[in-house]
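Shared between the two complexes below is chain A, which has chain B as its partner in the first and chain C in the second.
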Partner chain A sequence: MFPAAGRQVAGLLATLVVASFVIFGAVYAAPGDPAVFLAGGRDDLTPERLAVVREQYHLDEPFLAQYLHWLGNCLRLDLGRSFQYNDEVVDLLAARVPTTLALVAYATVLFVLFGVGAGVLGALRRGTWADSVLIGGTTLSASVPSFVAGIGLAAIFGVQLGWFPVTGSGEGFAGTLHHLTLPAVSMALGALAVISRVTRQTVVEAAGADHVLVARASGFPERQVVARHVLRNALAPIITMCGLVTAGMLAGTVAVETVFGLSGVGSLLVGAINGHDFPVAQAVLLLMVTGYIVITTAVDLAHPLLDARVKTARRVA
Partner chain B sequence: MTALPAVLPAVSRRPAGVVAAAVVLAAMAVAAIAAPLLAPYEPDAIDLSASLAGTSGTHLLGTDASGQDLLSRLLYGARTSLVAPVVLLAVAAMIGVSLGLLAAWHGGWVDTVVSRLTDVMYAFPGLLFVVLIIAVFGGGMTTSVLALGLAFAPTVAKYTRSVARAEIVKSYVDAYRVQGMGGFRICCGYVAPNLARSVVGYLVVLFGEALMSLATLSYLGFGAQPPSSDWGLMVQQGQASIVLGALLPALVPGVAIAVVVVSFNVVGVWAADRLGTRR
Partner chain C sequence: MLDIENLTVHLPGAARPLLASVSLSIRPGEVVGLVGESGSGKSTTAKAVLGLLPSGAVAHGRVLLDGADVLTMSPADLRAHRRHSVAMIHQDPRAALNPVRRVGDFLVERLMPVHDKRSARARAVELLDAVGLSDPARRLRQYPHELSGGMLQRVVIAGALATRPRLLLADEATSALDVTTQAEILSLLDRLRTEHGLGLLLITHDLHLAAAMCDRVQVMYAGGTVEQQEASELFRSPAHPYTRGLLDCSPSLDATGLPPHPIPGQPPSLADEFPGCPFAPRCPLASADCESWTPVPAALPGGGTAACLQIPVRSA
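After this line comes the complex of A and B, so read on.
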């Protein structure tokens, strides 16, 4: 198991280096002087201001040296200054990360609860009208972009019924939960179809195994057969899929935070691009890509812990 | 990004659903082509006296905050909203099929380089790669379509590579090779046409995803720019009216997006099955 894990961690680091290189090198793809671009591309830039930017990004040195300086600074959490907000980028991020994390966590709880639930229900009631309704419903919800779902929910449950607030992220645990409910639901809706489909498939497969038949023939109560013999074996692929979907949601926050005016990392990215504030955009992209790669690798690493059969298969291979 | 097609087959096996979806798409296509004939108003005709009107005989779907007729905007918006994903997929197909064929034909280090390139793109979740390109080159419909085409290309390349590998081991390819024909000519003239059906089926399934991605970019202000009546942009412009109690300006284009994506997914999976697309 160890060499496999080592390879995966090495792969993680390699991907991170390449991705950060792309994010850094993008500055040079931009038309014009990189210093002007990094300073916001406005016409009223003073030579002093440009000199500061050149100094900060070591623009007089060779490209590779610039990249290494930048990477080193990022590792030390020195992400540069935002001229739009006139603040350190790392402080901007620190203020906004909690909202985004809370949103992703809330959405994850929702889609795991309802997605896995729907999948198990569909598998156990395979071929019935309940199964058809679940498949149809989740397919429909996956065809609605999250920003449309968000606006629809805000219109109905926020404005018309007044049950939930439509902007802001709230104070305290209960307030946050209340404010983030609609955003989290709109993010979770798109994930329901994938999760319930994978769950349904694996549960159907696990339920067809011989030992389940034996357990049932031995007279174990159905509830126990399902919980102990079917679900336990179906768990690994389901958890893997949930992890991947959660990782993808980091990027999904961009649209949903904009809909609900949440000051999270996603809306910071949108604001940074509209304000030509490239250092901030760079930092957010780096953060999201890092989070995504770390979560997907962690899911890969956890797989053999959840399913001993994977471990054996790897050892044999 | 591509998990969606996997969830659809059960729905699409019902021909009635496929027929209904096909009718919806045909109606949308007619609406887009005949927009100038069907639309009761100009899409950008402002009439502040009719601001945020509800549904009525004069405005079938109501109006937005500046009194623009929503039905007219929807019909004209169908043009950009339906054509742009097609262009995007054409870009993705051109890049993806070339790379996929190249990797399958050469194997070895070429294959490795192409796989690594696609891996780098996969390191950017969702639309983040496109957002990076927009951060550098600025927004707009052209940038969005090209960037999304680039972002969809790895998926197409991966699929093309897998089907091409099965194709190039067939004996007819060896026969051409023995006759002294070059790899480029065999690939372009004989292998690519044989893969076309299956790749087109794959692209059709991606259409819904492409439309949703473009609408999201337009909603965020990175795609279509005013005065365009692109559906994603219409949702963005209509959002402010929701707090005033007028739901139509945001919901009309939003529902249109959802209906077209659902229809295209249903028809797409049905078509992909018949075109022999592997999933």
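After this line comes the complex of A and C, so read on.
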């Protein structure tokens, strides 16, 4: 168990280093010279002024040196200063991350509750009208992009019915919940179809296993058969998939944040890229990648706890 | 104890019945063998005893266990029946155990309603010990994939004994095991039968095994019983040409030195329909009359019955 976990953590770190290099390279290669932007635009720009700016921000050094410099600072949790806002990037992130995390967490709770619930229900009532309604409904909800769903939801529940606020992220737990309901619902809607479909398929497969028939032939109550022999076995793949969808949402909040005027990391990233704000763009991307990798690693580490066969397979491999 | 009376099972869309008027009885402490090729209805018969017929199947006849008809039981009675009266041992122990749960969970789950958690674990250790597994306390914490097939079949048998059933159904319980393990499991089953006075229905395709283990053997073909006799009698003088065909299929070591002699043709599928005797197309003795004669069991001189038109002709 321990060496396997150690290998996984080492893999996580290696992935992070590679990702940081790709991120830094991508932002570096983006069109436009940041020095021009930093010096205050093309108007009355002298070569001397440009050189000063370049030196000040280490932009005159070779690419690799710049990368190592940046990486070293990142490790000390010094993400630099925003070109645009002139604030510490760490402070900017600290202000933005909670909103995005709350949004993703809220959306995750929703799609796990309703997606997995619908999938299980569809699998256990396979072939009935409930199953068909669930498949049809989730397919419809998945075919609508999250920002379109967001606009629709805002128009109906925000503007017409006035049940939920349509902008801002709210104060306190209840306020946040209230404000984030519509954005979280519009994000969760897209995930519902894939989650409920895969859940349904996994549960149907788990229910078809021989040992389920054996359990039924042993006269256990149906509820016990479903809980301990069907759902228990479907758990590992369902959790893996939910983890992946949540991880993907971390980087996918941009559209919904824009629709609902939320100041999360998604909107921060878009602003930073548009404004050539390298330190912010790099930091946000690095954070998203880190979040993604941490979640997927956590799911991987949880897998052997749910299915002991995985552990042995890894030990043998 | 178990009395199956004229059990006929139809499946919608199938040309012939899954089971055609099968009768079978087992007394306490008796071993009855059910022999035949795949698809002959052996497993369906066993599953009918558990009330587990394929969905959509229509059953006629009666499956009586100590006088109660399994086919007409309420769901609650059926659960109690599966729980306490009958236990099934399946062909592949690896498929019978939930791979993500521990061996202990498999046993404790069966013991739970009667025992509390602590005494259930203690009883599980006793059961594993009784079926001859070494280090039973450690086995409880292991997962199925950590045990061999023979060990798992012992676990399955321990699970079957957990609820102290009166009847064991062993559906090809040793077919997936290697020969030495097979012998161990069979002697275990035999010991448990004598110790607990269990009735045992032994389903197998191996006629020699059935002859060695069983008091009586019933041979099935295409959902019907073609012959049933005392095991020793059946082995010595098989009456039905199908039984003889099955015996000829296995290689023998005696002086005749004849090579194994397969039965020509294929076992019939559910899509095949028979106006007469279902075995007629593959039967070496078949005459034109067999094609239109519906098999009726006839008494044999040494006890037992066989359903073959040619038998009186030969004995005359």
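Details
Heads up, the rule we're going with is that the second predicted complex is superposed on the first by the 271 of 317 C-alpha atoms of A that agree within 3 Å, B and C clash if a C-alpha of one lies under 4 Å from a C-alpha of the other, contacts with A are read in each partner's own complex, and residues count from 1 in each chain.
Following the convention adopted for this analysis, a contact is a pair of C-beta atoms (placed from the backbone, for glycine too) under 8 Å apart; a residue touches a chain by one contact, two chains touch by 3 or more.
Everything numeric here is computed off the predicted structure, so don't read it as measured data.
In the superposition on chain A, A:228 contacts chain C only, with no contact to chain B. When both complexes are overlaid on chain A, the residue A:175 reaches neither chain B nor chain C. Using the contact criterion defined above for the overlaid structures, shared-chain residue A:72 touches neither chain B nor chain C, since it reaches no partner.
In the superposition on chain A, contact is made by A:254 with chain B only, not with chain C.
Shared-chain residue A:270: touches chain B; no touch with chain C. In the superposition on chain A, contact of A:29 is made with chain B only, not with chain C. In the superposition on chain A, the chain among chain B and chain C reaching more residues of chain A is B. Contact with neither chain B nor chain C is seen for A:208 once the two complexes are overlaid on the shared chain. Those residues of chain A that touch chain B in the shared complex are 15-16, 18-19, 22-23, 26-27, 29-31, 132, 135-136, 138-140, 142-148, 151-152, 154-155, 158-160, 166, 193-194, 197, 247-248, 250-252, 254-255, 258-259, 269-270, 272-274, 278, 281, 285, 288-289, 292-293.
Interface residues of chain B, counted against chain A in their complex, comprise 3-4, 6-8, 10-11, 119-120, 123-128, 131-137, 139, 208, 212, 215-216, 219-222, 232, 235, 239, 242-243, 245, 247, 250-251, 254-255, 257-258, 261-262, 265. Against chain C, the residues of chain A that register as touching in their complex are 209-211, 213-221, 224, 228-229, 232-233, 236, 306-309, 312.
Touching chain A in their complex are the following residues of chain C: 47, 50, 52, 78-84, 87-88, 90, 92, 95-101, 105, 109-110, 143, 145-146, 159, 163.
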